[in-house]
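A, B, C and D label the chains in the order they appear, each numbered from 1.
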C-alpha cells in the first residue's frame, strides 16, 4: 500500500489538536487560581468547540461513504477509531456546553481530562502495527506536543495580559520539546528495522519535514525568545508549521507492505 | 485447535507466473487497479537474483486481524467455522483504517465503490466444495490451502525474510523458502 | 405511485415474468405500434434475451501457439462469458490456465476491441471510416480483380499469416488465398524451423516424448528453454522428476526463472551451444560412457562422428568457446551419460542463431549416443506434429480454372503445410521468406507485391527490422489487417477487419508439445461485427463471385461448426479413441500412445531407417553431414541483445490488456551492473538501446540475471507505448529451416547493440 | 424545444455509420435546436472530418476516447456486456421491445438507449400508468443519469479540440438530460453510482 496525501485527516488531526490544546492551556493557566473564569472564556470555549466541529466535518470528507459516519461508533470494543469518533463527539459537546455555561471549573477540568484522553486515543488510532516507526507512543507524543504548541499559541489571542508570560513559557517549553522529539525520533528509527530506516530516510529527505522543523519550531522559538512575547501572527505560523509536520507524518511514514518481499 | 484455513506459499515451487493473481481477477472480474492477490518478487537482499523468487500474497486471515480490530463499523468478521476473515463490503464506509493498519497491505481501496475490499479466500467457492480460484489455478502447486489445525509441516515457516513479522496478529499463511541452484558462471566474462 | 427504489425495480427487471407483467396493461393496449423507434423493435415473447438461469459451460481451447495449448471451460451466463477455468480432464494442465489465459474475459469485452470493418484514409493518419462488411469486401475484391487484370495473375497479392490464432480452421486463410488463385505466400516460420530441419535430418521427423513422462527421467537438461514462463504446466513434471531424485540442469545464457528452479544452472555464452554440446560428446566418448549397443543397433555414422570429435573437439576448446569451465563440462557429461534415462529439453531460443540447426543436431547426437532416444523419460525433446493429422479441409482449396501463377514446383509453405508442394500442377504460389518479409516485399518484381493480407499476425511487432518493414509497406498499394486490437500493424493498414476471439466461433486445437486435443466451441455470439477467418473468406468469396463469377472457389456460405467437424478423420478418431468429435464436448482427449517415448520401436523415418549421426540428406541440403561445430555470428555491436518472450505476453498479445498492465505496466532493458556502471547507467534510468537497425528508449533494470556482455528485453506490445524491440533485430537467417518449412529460420538472438543514458 | 426531434437526431447521430448520416443528424439538430447554423455543414470534406473525429471518440479502431456504452461507466470493471448492459436490455424487454442487433451493438449503446427514451416519451404520453412512470424513473435516474455525465465528461477531456458538431451534440445530450431530470419529481436525486458489491 502506497501512502497518500490524506488531507482531510491532516486537517482534522491538526484542528482537533488545536482545540484540545486550547482547552488544556485554559485548564492549566487557570489551575489553582480563583474559580472566576477569564473574561473571554465563553468565546474561547466556543471557539474550541467550533474548531473541533470544523475538524470533524472535514474528517467526514475523507470517508468513501460519509453517510455511514454515524455507524463509526459501533465497534468500541476493539477499534480505536470508534473510540476516537465517540470521544471527539462527546468532547465537542463538552466544549460547547463549557462555553455556554461560562467555563464552569468542573467542566473545564472534565473537558481538559477528556481532551487528554482523546489525544491518547487519537495517538492509538495512528499507531497501527503496519507503521513500525510509529507503532508506539510516538503518535501520542507528537499529538500532545502539537496540541500544546498550537494551544499555547492560539490561547495567546484570548488570555489576559497577566497570563501571557505563562503561555510564553509553556510555548517555549513545548517548542523545545517538539524540536527534540521531531529531530530525535527519526534518528532513533535509523537504528531500527528496515521500514523504520526507510521512514527516517523519507523524513529527512522531505522538504515538509524541514519546513516543520524550521518554520514550525525553530523560527517561532527564536521569535518568542527574541521579542519575549507571543506576537499576534505567530499562531498562524505555528499552524502552518504543524500542517507541514502532519503531512510528513501521513505521507512519509513508511507502511510495512511497501517493502513486502524485502527486509522488514 | 480450531479449524483455521490459510495459504501455504511454497516459494521453492513458485515460478512467479502471476497466474494466481490473474485467476483472482478472472473469478471476480475486478476493476483494473484492484488487486486482491499480488505476487511480490523477493528483493535481492533476500534472494540474490532479481525477480526470480516470489511470495504470492493475499489476505493472511490472521488469528487477530488488524483490519477487524480497527474497523470502526465492524465490517469485518472472522468465520467461526474456518477462521476466514470476511469483509462485508456493504457495511464499509471507506474510512481506509483497515488499509492503513494491515501490515501486509491486504485490504485495498476500490476507487469506484469508494470502499475497501480484500481476498475472501473464495469462501463462496469453499462452501461449494471448490478450492479458492488462486489455488485451483496454480500450475506448480506452489499455492495450496491448509488448515492450521491439522497442518504439521515442520519445514514450514510463518515469518520468512521478506514477510513482516507480526506475531500478535498471528497470520495464517505458512511458507517454504525459495532455494538457489548451484550456479556455474561463465569464465570468459566473470 | 411514487417511484420505486432502484433495488425494487432491479428485482422486477431480474425476472422475465415479472418484468413482462409489470407493464402488461400497456402491452394490451397495443401502444407499441407506431413508436418513433428506429433501432428497437416490438419483441415477441420468445424474442429478446434470456437473462435468467445459471451458468452454461462451453469447451474452449487456447489458440495462442504455446506449448501448453490449454483446454478451457468458459462459464457463460445470459450470453456473456463470466469467467474461465482450465479443464480438469487434461492431466497436462490439471484444470489450470496461465496468467494470460486467466485474462481472456478482459480481452473479449475490452472496450478497445476492433468492432467494425474500417478503412484508413491515409496510412498511419488515424483517419478512419467505418465500412459495412459488404463495402469492405467490395473494396478488397475489386482490388484483387484489379491486380489480376494488371498482372495476369494474383502473385501481386501476398499473404503473411502465422500463429496468432492457431485453430485448425484458421488455415482457411491459406485456403482463401488458394481459392483466389496462385498468390504470393510468406512461407516458413520465425519460431522453430532450424530445429525442425535438424531433427528431420537426424531422426526423419520432429517427434518428442510425452512431456508427462518427464517424471521418469533421472537427469534433465533444459537447454535454451524457459518453461517457467513459456510452458508453466510443464513445470510440475520437472518438479516431479526432481522430487524423484533426478537432477535438473538449465543451460542458458540468462539466469531464467527455470534456471532458478534447477539444481544446477550453467551460464553459457549465447550462440555457443554447439561447442558446449560437442565438448560433452567428446568427454563422453573419451570416458567410454556412450551406449555402444544402441548406436550399433540403431544408428548410422557414429564412427564418423566419433572421429570428428577426436580430431576437432576438446573439452578445453569447448570451455574456451562456451565460457563453461572445463571441470563443469566434464562433470555434466559424466552425470548425464550415467543417468538412465536422461533427457534434454531443446528450447526454441537456442536455435534462433546462425548456427542453431547445427546446435540442435549436436544435442540430438548427445542424447542419441547416450542411448536415450526412444526411452520413456528420455529423448531429445523439441516438439512434435503427431496429433496434427487433420483434413485441413479449410486450407486445401483449388484455384479457379485458368489461374496463372509461379512457374514450377514449390516447396513447403511452413511446418504445417500438408499440401505436399505443387504436385504436378503447372503453376505454384510464389514463396517468399516470412523471416525476411520486409526485404522480400522490397525486392519482389514481376509482379511486385501490390497487396498484403495480414492475418493471425502482427507484422510490425513480430517481424524483423521494423524500420525496413515500414519502407516495405510504402510499396504496397493495399494492406488488409485482420485483428482484434489496434496494434502497430493495424495502425499502418488501409483496411482492418474485426476477427472473432476463441469464444465466438468453432474450431479445434492440438498441441505441438503435449498430446491432448481440445474442441473449441462457440460459447457466445460474435461481439460487434467480428467474423472468424473462414467467415471472412466466405464473405470475400461471395463478393468475388458477384463481381466476377468463378473468380473464387471458396464456399460462399459456411457453417463454422460443420467446417470444424470436417477437419476430423478416422485417423484422428483412432489416435484419440474418439467415435466422433462430439466426444470432445465432454472434455479434451489424449492421444493413445503406444509408448510415451518417441521412436520407441527404434524405427526412424530417415532414409536409412536409423538414427543418422551422418546425414546425407543434411549434406544435400547444404549443411555438414555430421553434427559439427558451426561458427556463430560475428558481433556487429558492443553487447549481445536478446529479445525473448515475456511471461505476461505471447508476442504482441495480452500485454495490452489493463489487467496485465496492473502487474506489468512498462518494459525494461535488463543490464548487468558492470556493463551499466561502465556507461554511467543507474537502475531505473531511461536509456537508449541502439544498433545499426534502429533504437528504442526504455527504462533500465540492473541485474546479474544477465551476463555482463548481454542486454535483454522482452518482445511485447504495450498499449499506448511506442516500445518495439524489432527496431533492433535484423533479419539475418539461421542455418536451417528451408528443408521442412520452406525458408530458413532467423537469428533472433544473434543481435548486438549498445546502450546509453537517454 | 422539440425534444423528440432532438432525441431522434441524437440517436441517429450516435448510431451513424458514416459522415453523411452524421451531417444529416446534425442538420436536424441545427434546425430543431434553434441554435444558429453558424457553420457550413454538409460538404463532403466536412463530413469526412466529422467522421474521423467521431470514430476517434466513439468507434475505433484505435482505443476510443469515450466508448458510448453504459457498462463502461457503470460496471465496476469498465467492460462491455456487463451488468448494466443486461439491465438496459431488461428495460427494453419490459417495454416489449428488443434490439435486432444482438451482440453486434451491445444493448447499452447510447443510440439504443436514446431509442428507448423515445419509446418512453411516446408511451408516457399515451398511457398514464404508474408502472411506466416507475420504470422511466428508474431508467432515467438510476441508469442514464448515472452514466451520461461521465460519458460527456470523457468526451470533453478528449486530447484534441472537439469537432464543433460533436461538441454541440454533446451539449444537446446534456441539456436534454438536465431538462428530463427537472421534469421528474425529485424523489431521489441521481446519486453517485454504487455498483453492486463484489463477491466479498
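Operating definition for what follows: a contact is a pair of C-beta atoms (placed from the backbone, for glycine too) under 8 Å apart; a residue touches a chain by one contact, two chains touch by 3 or more.
This structure is a prediction, so every number in the text was calculated from the model and none was measured.
Student: Comparing the two chain pairs, does C-D have more C-beta contacts than B-D, or is it the other way round?
Tutor: C-D
Student: At what distance in angstrom does the C-alpha mean of subunit D lie from that of subunit B?
Tutor: Inter-chain centre distance comes to 42 Å.
Student: Which integer distance in Å separates the CA centroid of subunit C from that of subunit D?
Tutor: 42
Student: Per the centroid of Cα atoms for each chain, what is the distance between subunit A and subunit C, given in Å?
Tutor: 62
Student: Averaging over Cα atoms per chain, report the distance between subunit A and subunit B in Å.
Tutor: Computed from C-alpha means, the inter-chain centre distance equals 36 Å.
Student: Would you please write down the residue numbers of subunit A that are in contact with two or more other chains?
Tutor: Touching at least two other chains: none.
Student: Residues of subunit D that contact two or more other chains, please.
Tutor: Residues 78-79 of subunit D each touch two or more of the other chains.
Student: Give me the residue numbers in subunit B that touch at least two other chains, ranges are fine.
Tutor: 27, 29, 32, 113
Student: All pairs of touching chains, please: list them by chain label.
Tutor: Every pair of chains in contact is listed here: A-B, B-C, B-D, C-D.
Student: Write out the stretch or stretches of subunit B touching subunit D in their complex.
Tutor: 27-32, 86-90, 110, 112-113, 117-118, 120, 122, 124
Student: Once bound in the complex, which stretches of subunit B touch subunit C?
Tutor: For this pair, the touching residues of subunit B are 13, 15-19, 21-23, 25-27, 29, 32-33, 35, 39, 48-53, 136-141, 178, 180-190.
Student: Report the residues of subunit B in contact with subunit A in the complex, numbered from low to high.
Tutor: Residues 38, 40-43, 45-46, 54-55, 57, 66, 68-74, 91-97, 99-105, 108-109, 113-115, 161-166, 168-169.
Student: Could you please specify the touching residues of subunit D with respect to subunit C in the complex?
Tutor: Those residues of subunit D that touch subunit C are 4, 8, 11-12, 15, 17-19, 48, 51-52, 55-56, 59-64, 67, 69, 72, 78-82, 85-87, 89-107, 111-112, 115-116, 118-119, 122-123, 126-127, 129-135, 137-138, 141-142, 184-185, 187-188.
Student: Tell me, which parts of subunit C touch subunit B in their complex?
Tutor: 82-86, 93-100, 102-106, 228-229, 232-233, 235-236, 239, 250, 255, 257-269, 319-320, 322-325, 328, 647-648, 658-663, 670, 701, 703-705, 707-709
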